[in-house]
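In what follows, chain A forms one complex with chain B and a second complex with chain C.
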Partner chain A sequence: MRWVVLILAAAGIAVAGWMVWDRMRGLTATPIADFSAPFVFGRFAVPPDNPLTQEAFTLGRHLFYDPILSGNNEVSCATCHVQELAFTDGLAKSPTLSGGELDFSSMSLANLLWGQERFFWNGRATSLEEQALMPIQHPDEMGQDIDALMEELQASGSYRKMFRQAYGAVTPENTAKALATFMRLLISSNSKYDQYLRGEVRLTAQEEHGRKLFMAHPDTKVSLRGGNCIDCHSQFLTSGFRDALDGFSNNGLDPDETLPDGLMAVTGNPVHKGFFKVPTLRNIAVTAPYMHDGRFDTLEDVMDHYNDGIVVSDTLSPLILEADNAPEAGQETVGLRMTPDEIQAIIAFLHTLTDEAFLTNPQFSNPFEGGS
Partner chain B sequence: MRPIIVISALVVLIAGWFVLNPRQNKATPITLTFHAQMGDEPLIYDQFIYDNPGGQGQFRIRDFRFYLSNLSFGHGDETYAEPESYHLLRFDNADSAHSITLPAVPLPSIETVRFLIGVDPAANSSIEVRGDLDPNSQMAWNWEVGYKFVVFEGALQVGGDVSPLVYHVGFSENAREVEFSVPAVVLADGKQEVHLTVDLAKLFDNAAQIDMQALPSVKFNRTDAEVLANNYANMIAPSF
Partner chain C sequence: MKFSHTTRSVLIGAGLILAGLSPALSQDREESQGMVLLRGLPTLDTSHSIAIIELDPESDRFGEILSEVEQPEMEHPLHHLYYSPNGRLYATGLDPSCSLAEVGLARDAGGAPVISGFTCLDTQGQMVGEDIMWANSNGQEYMFVTFMGGTGGDDGGSVGVFDPQTNEVVKVIEARKSQVGEGAPYIMYPHGISAFEDRMVVTSTVHPDLATGVGNMLTIIDLNALEPIENILVEKEKPLDFPSSPVEVLFARPGIHPDIEPAILANTMFGFETWKVPYDASSKSFGEAEVIYSGVANETAVPLEFYGTEDELFISHALPGVVKRYELAALPELVPSGPDIVADPGAHHMIFFTSASGRDLIAVQNNLLNLGNGAEDDPTDVDFIADLASHTISVHDLETGERLATIDFKERYNKGVDNLEGLFGSGFVHHH
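Then we have the complex of A and B:
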């Protein structure tokens, strides 16, 4: 009898010890200090209260792919953000729960650590933590009550454990933090353009021609031809600019009469009417259709828009209105007026931004389908 | 005897260090506040209220910003150069102002201030992120051309016609040095702020008077860029 008691006591102590150790481990999540990002991407900032950790990434990845996040348990983040489409969905506008369509096209999720720090096409979220919970609770997107979601997650032993190891408790705040961490680590940095920047490969003559055009604002006075892309898409990131609201622009899609509010809905400033977030062009060849409302099916359509389809409105970027490769001003159309060869060269360059390693990285894949 | 001598020598040395150390208690905090103006009035964005200096019509401002670099301070023969001194000055805020604060300039006081409008050639040909220099920002042309030093974007209205205005001035030869003295009274009695005006009117109406209709954009034409650089060379002045 005494031996049995002793053995039980020892086992109890061992179990208690293990539980304490496991909880302690939860308090010291493993920092991710050595993830690779190109030097040319520049500075980035991770919120001090949500450091990048392995445990947060694992939790965030599970949440991202889990339909438990939606009210009907059928829609996950990954429903509209599909890895092989650079986390877009291939649709002009994403579907609503009731079978309609949302106002906006699903945005690509890549290199969100850099560039503009406001999220959504109209910039209504000022951090990824703030962004993460909005689609979950939106009645047309995932239609989930956040308290009900917490109950569902709390009921799951594996989620309780993942939360504990990453942050502690199962809370909306920690859910947002985990999703933000997963999104921050969706880094695309191995496209042909990246390899070119690292000196590992050469671009073809056509791609190089396109790169030069991408990087130039045209100036007929010095015979410089340009596609003017860089006036909104930064040279290395190819995303919108980080500073203040520099990463938003009116790119000439609609006239004043039908111009949507865009950023003005957030700032209340009429000079921001029709401004939308300048997206990254990383993996742009796989993220059709294009623009905030998915109105263009192909890159050719996009180039046609910039070449001679610019619609003038009061807040149109003067850099777009002024950029013209033809020496003689104005005919009927407003645009870059490049040659077909130049347009094809820019499209060839845009294809060098496709990063197959990113699109197939097993670490970013659905963990419920036996991914690593 | 000997230990006493050694100890005395040490005491004298330590006391001497504190009494004679030239760097002791000589850091000066300073803030430079730049106020953007059009002539004598605070700059107003997004309204067609300014006359085209050399021609017809009125213009509005959508964006005005510039790089200020290589900030240094002088006191007698001593100078202090701020490390990584690259500031992007933008004025799209309620006060149309931009402040640069140095909490401790290691000089007993500040007699002269010196800086560049623009960026020095070494930094202008680098893709390193230093201070406010960022090759992924709106101020970068591209890594083969360098940075825009002074950016003005807006529109000109002549009659019912509105046309874009784009003035991007860069190229290393267009950096312009600004230097001025700070009278002792300005920083007396614990005052730490020097106010300066940035007169945007001078960009278009100075050594050269610009007709915005005839010259609606300046980008890569070096002659045009130099004309504007000579105009902005003295757009910044202290206002004591």
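Then we have the complex of A and C:
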């Protein structure tokens, strides 16, 4: 009996010692193992004070899926950013806490590691860290008091441990950093088009036709037909441009009389009126409805808009205004004037951008539902 | 044209996001980074390698190798780098074990480009890979590769036709002089390659052992049938008393510039000349070949590469080591457009890019074959060619030609430099 007591005492001392050591040893964050991203996605930069670590990703993933982040403990980031919908919510405009509608459609979250200078449809956040806390504190979105949230997180032993391992203290800044890291690592790189670029698969004849149309600005002088997509969506595999205000455009949705402010609300510059972020096209087939206000239900509706539904306004993109495959047909409408087959080809190509592995990746799933 | 719109979308499109970087990020500019193929020098106990190097003289990291993958198991190095229209990177190779390879590129956790490795491809016995271009045959795109050694023999040489997605050989275009019969078109030691509409041209350069034989013909290939249909002699002066050895070739065509009348331009390595062969697209016939530049008359030798920007054509001359420049719109005539760019002996491949401050630059790789110097007991020495191995890359102001900086690879890395390509493509529009 005496030996048993001694052994238990020794074990207790060892456990206590380990717990003390675990709390005293400081950060244990480790770099993401075997990280590799496609070269063709381009350069990215991670904030020096928020490197990509496994611990930050784990903490960010838990926070992202935890309704504790909302004031009523019922809404999480994942409420409006559903993985199988490429982290959109399938609604034209996301609901407010009071049952109304927000101003904008939920944006897809994929490959945010690239295009990291402006976030939201109107570019009102200049970093993912800044962006991360805005919906949490917005009274219509998650309605959370940040100090109250810190108290709730501090009261959780598991969160205290995850924060300690990733950053140290439970703070708003570290909460934002963790959410930003999780979002940065939502990397999608295995769509059919990615596989095509790697030489692993072939596109069908229709998809290939669509790819060529997607890449071409129409030029009737040399009989080049084009969908004009690449002119604005050159960063279509990632989340947008890296450089400041590049990647915002007025794509001809509304006349001057009803043109929303868009980027002008942030910059105050009238030339930015009606400008919205050119979104990623990755997984576009699963992120309906479309546009900043979700006005189009289908990709066919989107293509119809670009084909003959462009609304001219003072800040309309000249690249859109100029793009016409049949200028001889007169100027009654503004648009691409492609054939139905060409439109279907572009839509077929857009479907090659769906990355099923991303949409079902267990590493991006809800950790509270048994995800790994 | 080496890069299609799609290529630029994939590659330069990725590079576009680099525009307007903050000063803090200026050291991470990738427009000024180059891909180089380095050759281990036997006397210095170094291995062949593929590397990414910084070429902006304004960068603190100028001349620094940023990423490198060595090939210690290969006796002979990889030879030339080419980006496909979809942005895949390929290298031809001199070692029989790796005559053609696909090079892997990726990004590390900091976003920096890294060479992730390379995969040697099955060429069905074709050896000594030289140049690559992507062209259509009957509406289908293929990757065409010249193999100067072909499947072997004294009069070998082939053009390999590859599936651009799977890298599998679709056809080996081969026509040995010894087998086709008197007067029939043949392919021998092919190196340079270019195409316009349904006509492709390859050169007949030199047997890979540099001793067995030397060519003096262009071979025209019908891209519909994928068969050789005509030989064109390009030989006049013989300053070395060798056959002329046509090396690089450019099918000047309206797609390069709308004012251009179609014609083949070919540089003869041992004839020191640039030739013009007019082409009538309506009758699909070639006119009489004529010399439009004489190295003997102009005191230059071993003309090698053609590179074109939006408005100029550049031709490298290994001796004395200069790059001459011409008005692109005036092709196929060679109308000078500016001062020579005085590089080093062996002036060969080149890329165009901008410095961090926006200055237009040209970098010239100065080595012919990267062979060693017998005076240093280097067994790879071949007479006269050692004089063409400066082992340097010189960087110049594009407008004035002023040399801004030089990287001496032998001095700094104990290696020679065999090829140069831009990380996002070479900044040139026309090469083949």
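Note that in this section the second predicted complex is superposed on the first by the 337 of 372 C-alpha atoms of A that agree within 3 Å, B and C clash if a C-alpha of one lies under 4 Å from a C-alpha of the other, contacts with A are read in each partner's own complex, and residues count from 1 in each chain.
In the analysis below, a contact is a pair of C-beta atoms (placed from the backbone, for glycine too) under 8 Å apart; a residue touches a chain by one contact, two chains touch by 3 or more.
All values derive from a computational prediction rather than experimental measurement.
Participant: Would chain B and chain C fit next to each other on chain A once aligned, or clash?
Facilitator: clash
Participant: By the touch definition at the top of the document, which applies to A:P31: first (chain B), second (chain C), both, or neither?
Facilitator: Touch status of A:P31: second partner only.
Participant: Once chain A of both complexes is superposed, is A:L52 in touch with chain B (first), chain C (second), both, or neither?
Facilitator: Only chain C is touched by A:L52; chain B is not.
Participant: Pick one for A:V271: touches chain B only (first), chain C only (second), both, or neither.
Facilitator: The answer is first: A:V271 touches chain B but not chain C.
Participant: Tell me which partner A:G42 touches in the superposition: chain B (first), chain C (second), both or neither.
Facilitator: A:G42: touches chain B and chain C.
Participant: Is A:R202 touching the first partner chain B, the second partner chain C, both, or neither of them?
Facilitator: A:R202 contacts chain C only, not chain B.
Participant: Return first, second, both or neither, reflecting whether A:L321 touches chain B, chain C, both chains, or no partner chain.
Facilitator: A:L321 contacts chain B only, not chain C.
Participant: For A:D219, is the partner it touches chain B (first), chain C (second), both, or none of the two (neither)?
Facilitator: first
Participant: One more residue to check, A:G12. First (chain B), second (chain C), both or neither?
Facilitator: After superposition on chain A, A:G12 lies in contact with neither partner.
Participant: Regarding the shared-chain residue A:G168, is it in contact with chain B (first), chain C (second), both, or neither?
Facilitator: neither
Participant: On chain A, what residues does chain B touch that chain C touches as well?
Facilitator: 40-43, 114-115, 215-216, 230, 234-235, 241-244, 246
Participant: Could you pull out which chain A residues touch chain B in their complex?
Facilitator: 40-43, 114-115, 215-217, 219, 221-222, 224, 230-231, 234-237, 239, 241-244, 246, 271, 314, 318-319, 321-322
Participant: Where on chain C is chain A touching in the complex?
Facilitator: Going through chain C, the ones touching chain A are 5-6, 9-11, 13-21, 25, 28, 30, 86-88, 102, 105-113, 116, 164-167.
Participant: Can you tell me which positions in chain A touch chain C when the two form their complex?
Facilitator: 31-32, 35-46, 51-52, 113-115, 196-199, 201-202, 211-212, 215-216, 230, 234-235, 241-244, 246
Participant: Under the touch definition given earlier, write down the residues of chain B that touch chain A in their complex.
Facilitator: These residues of chain B touch chain A: 45-46, 62, 88, 90, 92, 127, 129, 134-138, 140-144, 153-155, 162-166, 168, 216-217, 219-221, 224.
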